[in-house]
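The structure appears right after this line, and notes come after that.
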Amino acid sequence: MWKIFGPNPQKIMDQLDANSTREEVQRETGHVIAVKDVSFSIEKGETFVVMGLSGSGKSTLVRCLSRLIEPTVGNFFVGDKNITQMNTKDLNHFRRFSISMVFQHFGLFPHRSVLENIAYGLEIRGMSRVERLGKAMEVLELVGLSGWENNLPRELSGGMQQRVGLARALAVSPEILMFDEPFSALDPLIRREMQDELLSIQKVVKKTMIFITHDFQEAIKMGDHIAIMKDGEIVQIGTPEEIVANPKNEYVRQFAEDVPRYKVLSAGKLMRQPATQKTQQAFSANPTFFAHTSDKVEDLLEMIADSDAAIPVCGEKGELLGEIDRSIAMHSMRSKN
Amino acid sequence: MQNSLNNDLKPSSYLFTKLIFAFAIVLASFYWVGQLDEKTLFPTSISDPFTFSHWVDNGETWLKQNYRWLTRMIASEIRDVLYVVEDFLMLSPWLFIMALLALIALAIGGLRLALLAIFSCLFWGGVDMWDSTMQTFALMGISVFLSVLIGLFVGVMCSQNNRLEAIVRPVLDTMQTMPSFVYLIPAVFFFGIGGPPAIFATMIYALPPVIRLTNLGIRQVSAESMEVARSFGSSRLQMLFKVQLPLALPSILMGINQTIMMALGLVVLATFIGAEGLGSEVWGAITRLKVGWSLEAGSCIVLMAIMFDRISIALGDTELKLKPSQGQRFYLLPQQWDRNPAAIFIETIIGAVWQSITFLFTLFTKALAWIAYKIVATFSQSRASILMGRINSSVFLTGSIVILLSIWLFDVYVVNIGSFPEVMQFSIREPVDEAVAWLVVSPTFIAFTKGLRAIVYLYLLHPLDIYLTHLPWYFVFTAFGLIGWVSLGLRFALTTVALLFFIGACGLWVSAMLTLSSVMVSVLLCVIIGLPIGIACANFPRLNMILKPILDSMQTMPSFVYLIPVLMFFGGNIVSAVIATVIYALPPVIRMTTLGITQIPESYTEVSHMFGSTKLQRLVKVQLPMALPSIMMGINQGVMMGLAMQVITPMIGGGGLGRDVFYSLSLSNTGAGLAAGTGIVLLAIILDRLSQAWTKKQREALGV
Amino acid sequence: MKINTFTKVIASGAMATLLSMSMVTSAQADSKRLTSPIPDWTGGAVTCKIAQILLEQELGYKVKAISMPSGPGVYEAIAAGDLDFACESWPSYSASKEVMMTKWGGDGSVSYLGDVGVVGTSTYFVPRYFIDEVANDLTSYAQLNKYKAHFATIETGGKGRLIACPTAGWECKDQERLDLLGVDFVAVELGTEAAAWAEAQAAYARHEPFLLYAWTPHWIHAALDLVGIELPEYGSVEWPESGWGEDITFNYGNPDSMSAHGDAAYLLGHMNLSNVEQSALVMAVDVDGRDIDEVVQEWVDANKDEWKHWLL
């Protein structure tokens, strides 16, 4: 997918030299390439995080998906429906029923009460007043704002306002939820609380989520898959673990360095292969004492601390693949490689 | 671009360049002024074949022949509605109308507004102008209603379409600055006499603010709100009605407020085409030279204006207070007076009244809601509870309906209330007339006015008149062109020259220069008087509090009212015209000066305090420079109002384009009237654009 | 949205009332109804009131009187048919007659009904105290230059000032006359009648000299003691050809309406009121401060012999 801003993006698109950088294009043509040849796929029910610093094109990208900004070139499929090719009527239908978005600055309507804000999406669909307010009330309870329904947004704190924003997005029960830096305007403590809450809500609703953030830690915490963007391009896509373990270049590494690796990496990534003779013997002597490859190091810390010997690490079928010991765990606590 | 401008042009050096530039122009001009001959006047070889007024007259005749049936049809529809409203207002018992107004005011703005409404009604009836007031009321009501209807529609259309906005904008400018006399008399042939042409003329004048502010309000809705609405799949109409219009509501209400104020400005003029009401009272008083009488009628208009103004502001401020809220404490007197025992006593009584009104209303509504609930509940439980909620949430509405209904029933079945009781009437005519008569012969006062008149005429007006009329036309063209170029760019410079060319070609050159001179002198006097008062108001809140209602009255009092006293004090001549213009154009200069100074962020004044500056230093070094954009805006408004006044001042000896308008119309010469009117419009447009450009640059230079 | 519901309720209520009431009141035009403007000067108002009372009491018309300043607006409205007739036009002061009345070369959209009988004469006036105290010999224009310093103002420089015929539209050509007569005065047009009277009254109150253009009959003579200055007779060589002679005032009306209401047109064409008669009524109103309806009704009651000839 491409997005070029400027007076004549289509022409630029046709003439574009694939190797020229963003600066070159901007200098020569005055057009800004906001999204440059990005493609990815998202599994149903997963949380896909797009992470990048400001100006990296992540917000433009996510707006291109729902066509709040028209992409210059490219397609976005949901199932077998091509959103990019839809006419206005179908697009509005898609927006009303299949997708909804939570905004960075909450985007609550100041002239509507909390409940009316939440019911907005349903109202647009033409749902009757009684029905939509009933539905909105349910979602209001889900986000823990019971009792605030008749207040105006400005009477709420930032965290509460974003709960309303979240509730408004949830109320329409969309297939896809999009989050545009939803928590970046909040205090650190509230932010963490909201992250945890979203995770727990996600456990219940199991929606496909596209989550934009500039905070790498948040990306690691929320994402099943992460795409890291720089200058309109995706630098690397992968699970949090893949990215932390194998940063593709210096840029990604800089982010990864700040992350306590033991929290992200699993035993499978860090284990010594193959297991030593000694561990193999210990495993056959006590086949119930082992760690899974998918266990995060953080969760094994007790075990490692209590055991002087290395701990066997097994794959999904219970086969012994390697071992992990105190020295590996301690090394993983350093952030730099 | 932006940066370089900010870097090399500090505010002071920017002003300095401007001054040098202006000085150079003035200096160069003196060379020319000495030699008045044929060359200095606009060449007749151009103005003779340019028979603009003939073209207009032909167009008017054509319109008269072909479209009169249409305008007549519209007029008769409007007339029917007007009669209905007028009958309703004039035939209803006065108590009913008073209760209606007071209750609306109560619901919208609380007890204070309600008291204002009651006071206004008592005044209207008290000076025996109840019927006239109701006639004006009906006329205003319909004009404003139609203006809002059309204005909202056009405003919404403009907000959706940039090209339409670009077309409409100059049209609105013209509508606002074109002297209404120009279309008032021709309107008679198309719309008849009385209400309909008056409504038509009022709408032309008063429509622009609603359109402007609706458009602006909608365009100012944040991009985020719009994006949110789009992301939920709102259609364009849903977006408009559910997001844009509600969010633009405060701005729209402000537009309606301005529209009401402007509509009231036309009340007196409307009497020239047979629209009766307070305007005819003012005019009748003026032709008989009864200052007190015209002041009474004028005060009726002022009270109506203030009441409408406060109500529409209250509407814009908050939601309707249909439910009395706990925090809503009412103060009649300024809160600073709280230490005074008498004030506390008065406030306590009023507080108690307020409490009991609220209590009664609430009690009554609760009872009513309960009864309604019981009745409807026999059919449907859920509907009943919704109904009860509705009734309970609009305490004032239900209470009001009951009060109004009972007054009506009382009037019909018990005692006929009839018209305003004569016992309650009073008059301020004699004291006012006596005061004026005393001032007219008071030697000190007359010596003062004569001195002022001599100074203004000999040292300001006369030299400037001579200077401007003796300047060769091509010099004025070049000067304005250059100023336009420097301020706004080449395109505006060319437009300016084209507009000036039109004025010259219509044969209005000398008149235009005289008008320019009058306006410049008036505005200069406004600044000399207004600036110190504005500064004083900013420093002494109490003075500001006293002056505010006076300024309000000055702005809404029909200028006709003070024409006669000004004339009697200053004599019939061009200076009186200037003085009347100053009275009319002074309030915005004072207001904007005060606003500019009081709006300066606390931190700046704190800084200057910390450095130990004196009051004067603070004023000169911090406050005035920071307030300059605001003051400039006030001056700009003053210029516009001064130009608007040019059509009124010929009535007491003013000259220039205004007199041309007047003269042409008294000869039934629409074309010439329109040409002179257009001259005023063009001057207004040029001056407005220029001063706005300066203000904007000043703002940018200051970074505010 | 509390605002919405509230506004809706009010708006729909108002609309409903308006609609229902407008159905009832859209009245048909009554053939015995006439509309006329009340002149904004007392003399005209008296003339018109007499016409109105006779139309109503003797001919059974209903006359709707509208207060509307005289001038082109009235002519436009009569031509358009919104006003049926108007009383006592002073030919010198109504330029529109040349556009609209055939008698003066106009297109005939307004018709001439007949003379009122009141004849206006115009001249220049000075206050009596000035003659008594300063200028005993000031009787004609010839002596004006001698006293011009007394009449000078700041704006006129060394010349004397004439508070001129106030509106240029009346085409009094004061300045032209002064120049032709060799009077070294400046004619200052104040734009409206009211302004001229106000200026004169203020100067009178201060006991200052002034030269004022005015005409008779007029209430100003009741308020101020003014003396006319002798001028050469109208039509003599010194005067501009278009100048004011005697103002033979007339009534005028809409051609269609007047031919439809022959009796009304006859009355307006034949009524006759002398200067003396009108002055007495004007004095009663302006000087004694009595109600105009009352004064005129008394006159009508007392003068049946006179007005019975005015009726068809």
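By written order: A, B and C. Residues from 1 in each chain.
To be clear about the criterion, a contact is a pair of C-beta atoms (placed from the backbone, for glycine too) under 8 Å apart; a residue touches a chain by one contact, two chains touch by 3 or more.
A quick note: this is a predicted structure, and the numbers were derived from the prediction, not measured.
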Could you tell me between which two chains the number of C-beta pairs in contact is largest? B-C
Where centres are the averaged C-alpha coordinates, which chain has the largest centre distance to chain C? A
Centroid from C-alpha atoms only, then distance chain A to chain C, rounded to Å. What do you get? 86
Where the centres are mean C-alpha positions, what is the separation of chain A from chain B, in Å? 55
In angstrom, rounded to a whole number, how far apart do the mean CA points of chain B and chain C lie? 33
Sites on chain A at which at least two other chains make contact: 111
Chain C, residues touching no fewer than two other chains: 1
List, in ascending order, every residue of chain B touching at least 2 other chains. 246, 249
Residue numbers on chain A that touch chain B, as the complex places them: 66, 68, 91-97, 99-101, 103, 105, 107, 109-112, 120-121, 123-125, 172
Which residues of chain B touch chain C once you look at their complex with the stated criterion? 80-81, 83-85, 87-88, 184-186, 188-189, 192-194, 246, 249, 271-274, 276, 280, 283-284, 286-287, 289, 319-320, 322, 390, 393-394, 397, 437, 440-441, 446, 450, 453-454, 457-458, 462, 563-564, 567-569, 571-575, 649-654, 659, 662-663, 665-668
Going by the contact rule at the top, pick out the chain C residues touching chain B in the complex. 1-3, 5-6, 9, 17-18, 21-22, 25-26, 37, 40-41, 66-69, 71-73, 75-77, 79-80, 82-83, 95-96, 99-100, 153-155, 163, 167-170, 188-199, 201-203, 205-206
What does chain B use to touch chain A in their complex? 224-225, 227-235, 238, 242-243, 246-247, 249
